[in-house]
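Heads up, the next two complexes both have chain A, just with different partners, chain B and then chain C.
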Partner chain A sequence: MARMKFVCDSERCIECNGCVTACKNEHEVPWGVSRRRVVTLNDGVPGERSVSVACMHCTDAPCMAVCPVDCFYQTDEGVVLHDKDLCIGCGYCFYACPFGAPQFPQGGAFGMRGKMDKCTFCAGGPEADNSAEEFKKYGRNRLAEGKLPLCAEMCSTKALLGGDGQVLSDIIRDRVIKRGKGADMVGWGTAYGKEGGKS
Partner chain B sequence: MKKFLLPVMAAALAFGLAACGDRDRVVVYKQGKYQGKPDSQPWSNAPYGGDKAKWEGDLKARNLQQDESRRTGG
Partner chain C sequence: MALTRKSGASQATRANRLSRSVADMQPRTMDRRTFLKRSGVTVGAGAAVSAIASQLPFAMMGKAEAADPAAGGKIEVKRTVCTHCSVGCAIDAEVQNGVWIGQEPVFDSPLNLGAHCAKGAAIREHGHGEGRLKYPMKLVNGKYQKISWDVALNEISARMLEMRKTDGPDSVYFIGSSKHSNEQAYLMRKFVSMWGTNNCDHQARICHSTTVAGVANTWGYGAMTNSYNDMQNSKAMLFIGSNAAEAHPVSMLHTLHAKENGAKMIVVDPRFTRTAAKADQYVRIRSGSDIAFLFGVVYHIFKNGWEDKKYINDRVYGMEKVREDIMAKWTPDKVLDVCGVPEAEVLKVAETMAKNKPSTIVWCMGQTQHTIGNAFVRASCILQLTLGNIGVSGGGANIYRGHDNVQGATDIGPNPDSLPGYYGIAAGSWKHWCAVWEADYEWLKKQFVSQAMMEKSGITVSRWIDGVLEKNELIDQDPNLKAVFYWGHAPNSQSRGLEMKRAMDKLDLLVVIDPYPSATAAMAAMPPSDAKDANPNRAVYLLPAATQFETSGSATASNRSIQWREKVIEPLFEARSDHMIMYQLAEKLGFGKELVKNYKMVQGKGGMEPEPESILREVNRGTWTIGYTGQSPERLKLHMQNMHTFDVKSLRAKGGPCDGDYFGLPWPCFGTPEMKHPGTPNLYDTSKHVMEGGGNFRANFGVEKDGVNLLAEDGSHSKGADLTTGYPEFDHVLLKKLGWWDELTDAEKAKAEGKNWKTDLSGGIQRVVMKNHGCHPFGNAKARAVVWNFPDPIPQHREPLYGTRPDLVAKYPTHDDKKAFWRLPTLYKSIQQKNLEDKVAEKFPLILTSGRLVEYEGGGEETRSNPWLAELQQEAFVEINPKAANDRGIRHNDWVWLKTPTGAQLKVRAQVTERVGADTCFMPFHFSGHWQGKDMLAYYPEGAHPVVRGEAVNTATTYGYDAVTMMQETKTTICQVAKA
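Right, the complex of A and B next:
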């Protein structure tokens, strides 16, 4: 069984926000909610890096651990999903998530916090597959159509990859070798710069 | 009077000492269990109708399609 994962190649991401737009359009995500966003480090400085971030569908998901009403579940493919009918919008999952993935639509009086919304890996939720009810609550279920998340599939530079973790790992490894970093692809030099303060 | 006082004092002593019990006050966390509606498998409905192998094959093809070197032969 495939274990679904996202991986973003920061050497390729050009901060076009195409993944963000694709996600919002595909799932008709309401205003104020962004299931995916692009984070740029050292913005404006030569050598800046961008990474597309959404729910990482953690193997040992902290959101699942802290939810007081136990509305989270993990599919056989490792996708972390939740039941919106059970969610009370408390926001514990938002505090627990290291990626800030859970989003809360603000509406009604005093900016009342609604039920949590997050990336579903385009796998819908606990409603009948590809039903109107599922689309309304969770967005499109592309996985049930035999497709991968749209954000990854439409990424123009193929920086964002989504799918079976083993396959993604092979693709990234192949790329790094072709880039010419070779044995330096992992290790002290890549992580902390070369010895003597030179990067 | 003395006959009446003795049982009362014994009862008071027993009640007072009862508070000195050393009970285990460690919190026991229980693993939560999903309480929501059950979800179906992605291959269980149309267009796959339960054909898991076909679904996995389609997904694997899509997975490999993301590797442009495979598509361009580079």
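Right, the complex of A and C next:
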């Protein structure tokens, strides 16, 4: 049984936001709800790096631990999902989550009565797979169709990967070996007023 | 929690802003959509929808609902291609009951391997687009009113015919589109020709016209020499004036792959771009100083003896003169003074490029949009020729084009100086195309005012405003422009917005044909600042065009590969395909029959239209110059269905039905489709046989210049060529001299007699030369390092008209003014001198430059109408360095006024960042819908406005045009910024 994970290779992420709109498109996520977003560090200066973030589908998920109505559950593949019919929209999972994954829409299909919405790893919810009801509350269920999350499938530079953790770590290991070393940036110094051309 | 792009302090504020704007502006659109979905309403409901007949615009049906047997209908998969940039990313669209319900990545595509940027991943929204222009409209008393197609076409054509009588056909200007398919762009040039003018143009003018002219004049063809994929073979990559990570994000797939395999990546730009963030070396130059930098690099190459001496001897003309010029003029001290880069950094770039070959160069608008853009691009060519990098896999000049089909529209679309295929507009060219069109040359000539006007290049899109505003006695055609068609083109992508507004007000007829109302509609409806500028007789019409997902046809990606798009859905609302509109207008104007003579007509939504396949077959029959002859619709469709058989690195099919072909038959794909030329992956590559996509530099400039040989030296030729020395282009005389003439069939002979490789409609000359003798039909010559027919045969640095370095003007002055240049007087020195005398640089001490954001494309109305994209970039902004900001009391996220010497002022947010240097400000160019501080919402047709609006940078840009192509200067001008 696969253990589903996301990983974002910041050496490759160019902050194109393809993952963000792929998610919007696939699940028809309303304006104001961001199941996935790209965070940029050191924006506009040497060492700028971007990374795409959504629910990390933690093994020991803090959201599950703190939920007062116990609406979270984990699938056999390690995907953390929740039941919107049980959810009371209290926002306590938001406190617990280290990644800011839970979203609280103001209205619409995903946030009726202000309930929580988050990345489902394109795995839907407790309703019957690919039912109309499931789509309305959680979006599409690609895993049930034998596909992987669309954000990762559409990533412009294959920076964002989603799938079986074993496979993902093999891919990342290959890349690290190939690269051999870290960043080798010269010229920043001059551009930013330091001597010697070193950052 | 930031949803938008900027980090640090900006994040919190942006998030706040987002929540505000969510409440303010979005519910109307989004709530309706979700309401319809929830209530299960899928067919026309609600006030707006009932007026829209049979369409299902708001039915955002999910796959789940679609799979429900009650919903019914089989899911069909249509293969199409993204319309947002020139990479050519394939898309599988899932359609049910005529509704585009899902989008899947095409992992088989060798170009994008399933990858998409924000725009490509959000493309399905275009199949629903509520911000679309829904029906024909007319401006009545300052408001757009719905009218019928019949009324619109009747009124527009009546006006045109009236103008034809009073002012002649040259009074009408047609702005075509790089977003048209090849077939539509080609038909547009034919349409304009049959109307009787050369006054037509499209985005290529303001995008890569300087590249096309500069590069074609250097070595033959004005196009990207290699491909995005081929960069996987590069060992060093120099990006100068390209922000690929935002403008061509999926190309980075190949770039980063090369980098991980050890290729060195260098980015040279005034701005520390997202591309620069991925580079091994970043070099900041002053905007507009590319020649100083590039020749600084070449200086070190020569100084260290790193040039490819044999290559230069065999394949390059004039390099010795260039070398002398550079060694005298571009010593490290002068390079430092002009572009601000110290010797060690320049040397490092030279060393990286010279010692990691093959090395490639990439450029975009950063090089092209300058008054000396033609010289910038030639300096880049010279660098690559010095290193022997052209015609080499992994090397090349990888010139990234902008729109999805800007390459195709450049090749065969509406250009004011050429008929399709770069044939020019001389009498012989007209006769060639008349033969292809089966039109009578004498009849066509009578459509024009005179033969002289028929053979005179038209006005360019960058200058149509001067065609309206300039004094009549100063323009080089009889009438001023009285009518303008904006046919798939944004107005806010052209400079000098204030004057454009005045020109729009003065017109008698303005027609916008577009899927979206575009900023043109709002600008036209906005009252003039001075009421006396209003023309009471002006008529403005908006006609809804179908998108490329609502028709079929081909598009040429940047690497010259041609892909066929299947029709995904029927045109939404009352939209009609562009080729249908051309046909219907032509009918009313009296040349409908001539326009579609060779085409199969088919029923479309809204009437009969020419079948795209039959238009492409006509293109195939006529476009011999650049090899658009072998790409029959059948071959292109076969490629689209067998993408998986093509190799990602070489683009070549291994086995399968396309065995041996390169993906999309990148032009030139010479000869008839039956000759089975595989297309040309890398131009001028002598390591391959011509029938395997090999080639050499073009003989287009004679065989000698002042006694110096222009043909390739002995021994330099494409692999397996029967002629092992340089040779001129082929015509019937040369064929007879060589004794090859009798290899033509009798039928070929009949057509080829008196013709050359470009005009022989039988294709026999190309067949015999290539297939039987392994030679290149366009000859085998040297590339020209010295382009003697250009204003600066050796590229010279010249300061911009509006610059912040008046101290350099005396040493590097601009060109002299020109009198009749593309039919208009064009100023250089008089403006630069006046600015010097008026000390304009003291009042406007900051350089203003512009560029792209990943979420938007071009003028941006289409992408800013897509909520999935619009949510990510909600406000226009100016990037300003902390030092410049602090000196002006500006804090991050403040509202500021950005002012330029035109008198324009833009109200935008300050993005305080070290991304730009202390002397430079940057604005993205995709915004429109705000005009000098005011929201133009009221001037859009009701319910058809972009979700996000903001100040257009080009409202404020200044005068300045390239001395060869009339490319507008937008990358180097000046501004002042103050807290609002």
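Annotations for the structure displayed:
Note that the second predicted complex is superposed on the first by the 174 of 199 C-alpha atoms of A that agree within 3 Å, B and C clash if a C-alpha of one lies under 4 Å from a C-alpha of the other, contacts with A are read in each partner's own complex, and residues count from 1 in each chain.
One rule holds for everything that comes next: a contact is a pair of C-beta atoms (placed from the backbone, for glycine too) under 8 Å apart; a residue touches a chain by one contact, two chains touch by 3 or more.
Bear in mind that the values here come from a model prediction, so they are computed numbers and not experimental data.
Judged by the touch definition given at the top, the superposed model places A:91 against neither chain B nor chain C. Once chain A of one complex is fitted onto chain A of the other, the partner contacts of A:158 extend to both chain B and chain C.
Judged by the number of chain A residues each one touches, C leads among chain B and chain C. In the superposition on chain A, contact of A:178 is made with both chain B and chain C.
In the superposition on chain A, A:130 makes contact with both chain B and chain C. By the touch criterion defined above, A:82 reaches chain B but does not reach chain C.
Once the two complexes are overlaid on the shared chain, A:40 sits against chain C while remaining clear of chain B.
Residues 130, 141, 153, 158, 175, 178 of chain A contact both chain B in one complex and chain C in the other. Those residues of chain B lying in contact with chain A across their complex are 32-48, 54-56, 58-60, 62-69. Every residue of chain A that touches chain C in the complex is listed here, in rising order: 11-12, 14-22, 24-26, 28, 30-32, 34, 37-46, 48-50, 100, 106-109, 130-136, 139-141, 150, 153-158, 175, 178-179, 184-188, 190-192, 197.
Of all residues in chain C, those touching chain A in their complex are 1-3, 5-8, 10, 18-19, 22-23, 26-27, 30-31, 33-34, 37-38, 60, 62-65, 67-68, 102-103, 105, 107, 113-122, 124-125, 245-246, 249-250, 252-253, 256, 260-261, 272, 274-275, 277-284, 341-342, 344-345, 348, 854-855, 867-869, 871-872, 879, 913-915, 917. The part of chain A that touches chain B in the complex is made up of residues 2, 64-65, 67, 69-73, 75-77, 81-83, 85-86, 123, 125-130, 141, 143-148, 152-153, 158, 161-164, 167-168, 171, 174-175, 178.
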